[in-house]
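Just below sit the structures, each encoded as structure tokens.
In what follows, chain A forms one complex with chain B and a second complex with chain C.
After this line comes the complex of A and B, so read on.
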């Protein structure tokens, strides 16, 4: 089956991103396809590589990057939500004159059209978080 | 691929108290470009999104309520409002913005986009959808 994943909450505050991660991993292990992971609302914070969790805790951002690398996953951060919350890639940092970029490896920034497209292409769109 | 899917955006929150209603409007407008079968539902405090005469001038929030009247031009013509949610908040359809669309199949007659349905009818409509997104 082809799954689309939507994550609406940031890391650590809520379990949504963890649940989405475990679901994605389990789906891939069972031979299913992940069309795309779309990070929406506060979920865009899952792509912030400046996050520095305590060493004895899971590193949610790095975990997504690693999973993306291993399975060639398309991790898309909603551009409007990202701009509001200060998640920027190198290109955006340059264009908007920001002093830093913080988009983690394996993530890319794109528009809401990617969410709609995921809904069209996936057999099931799984939404994690409010 | 190629088959048209039924997308429904379910709006459950009051405007301005959170960003969800603005996001729910944005996704509907942007998603319209994909030529899917789109509808919106307004339940719980989400019915306040359609209220007439919204004035945000003293709150410093952006008043986006006028943008709902553009939905018809984007072929989003099915706005389901849950009857019980209206009643629980002392509202009737007359308290809502008179949103309309031009029916291409009926000589471009102007018709109301808002359809008040009870929770049972709405449950049936939701059960028919392929993709549901909550705001």
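After this line comes the complex of A and C, so read on.
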């Protein structure tokens, strides 16, 4: 079965990013397909590679990057939500004159069309948020 | 249809809303702070005991464990599932509604 995952909450806020991660892992382990993980609203902060949690805590950003690498997941950050919150890739940083880029490995920036497409392509759309 | 609830019933009324707006026989999965709704002898236990007779109520085990809640403290009839069970519930139901 094909799952789409939507995350509307930032990391370390409540628990939704963790729940989404564990659900995604369990779905993959059961042999299901993840069409896309779409990060919206504060959820875009899950793709900030400047985040540096304490060493004895889980690294939510790195964990998504690693899962994406292992299973070739498409991690998409909403462009408008990302711009508001200062999540930028190299291209965006250059265009808007920022001195740094901070989009984590495995993530890409795109638009809401990708969320609509996920809803169409997936058998189930799972929403995790606050 | 599967309804997921992730807020404590003492924080927000999303569990109540899920009960009110879901069809009888629906699956309701309590995750994150919503697991507190599954406790017996709480202020809303009466509502939940009634809900168990009309809906299938599930609770996510890792979230129970993370809060130090033992299965013996749960209202009878509430079923405990892990993340695998969460996935199975999402597969079994053709739609999933998250009450946030």
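In this text, the second predicted complex is superposed on the first by the 129 of 130 C-alpha atoms of A that agree within 3 Å, B and C clash if a C-alpha of one lies under 4 Å from a C-alpha of the other, contacts with A are read in each partner's own complex, and residues count from 1 in each chain.
Rule of thumb we're sticking to: a contact is a pair of C-beta atoms (placed from the backbone, for glycine too) under 8 Å apart; a residue touches a chain by one contact, two chains touch by 3 or more.
Just so we're clear, the structure is a prediction, and the values are computed from it rather than from any experiment.
J.: Looking at A:66, would you say it contacts chain B, chain C, both, or neither? Reply first, second, both or neither.
T.: After superposing on A, A:66 lies clear of both chain B and chain C.
J.: For A:32, select first, second, both or neither according to whether it touches chain B, chain C, the two together, or no partner.
T.: A:32 sits against chain C, while chain B stays out of touch.
J.: Which partner does A:90 contact after superposing on A: first (chain B), second (chain C), both, neither?
T.: Neither: A:90 stays clear of chain B and chain C.
J.: Which of the two partners, first being chain B and second being chain C, lies in contact with A:50: first, second, both, or neither?
T.: neither
J.: By residue count, which of the two partners contacts chain A more extensively, chain B or chain C?
T.: C
J.: Which partner chains sit in contact with A:130 here, chain B, chain C, both or neither? Use first/second/both/neither.
T.: Both chain B and chain C are touched by A:130.
J.: Which parts of chain A are in contact with chain B and also with chain C?
T.: Residues common to the chain A contacts of chain C and of chain B are 125, 127, 130, listed in rising order.
J.: Which part of chain A faces chain B closely enough to touch in the complex?
T.: 6, 40-41, 80-81, 111-113, 115-117, 119-121, 125, 127, 130
J.: Of all residues in chain B, which touch chain A in the complex?
T.: 1, 5, 7, 19-20, 23, 26-27, 30-31, 33-34, 36, 130-134
J.: Within the complex, which stretch of chain A touches chain C?
T.: Against chain C, the touching part of chain A is residues 1, 3, 8, 14-16, 19, 22-23, 25-27, 29-30, 32, 124-130.
J.: Over in the complex, which chain C residues touch chain A? Could you list them?
T.: Residue positions touching the partner: 6, 31-33, 62-63, 82-84, 86-88, 90-91, 95-96, 98, 100.
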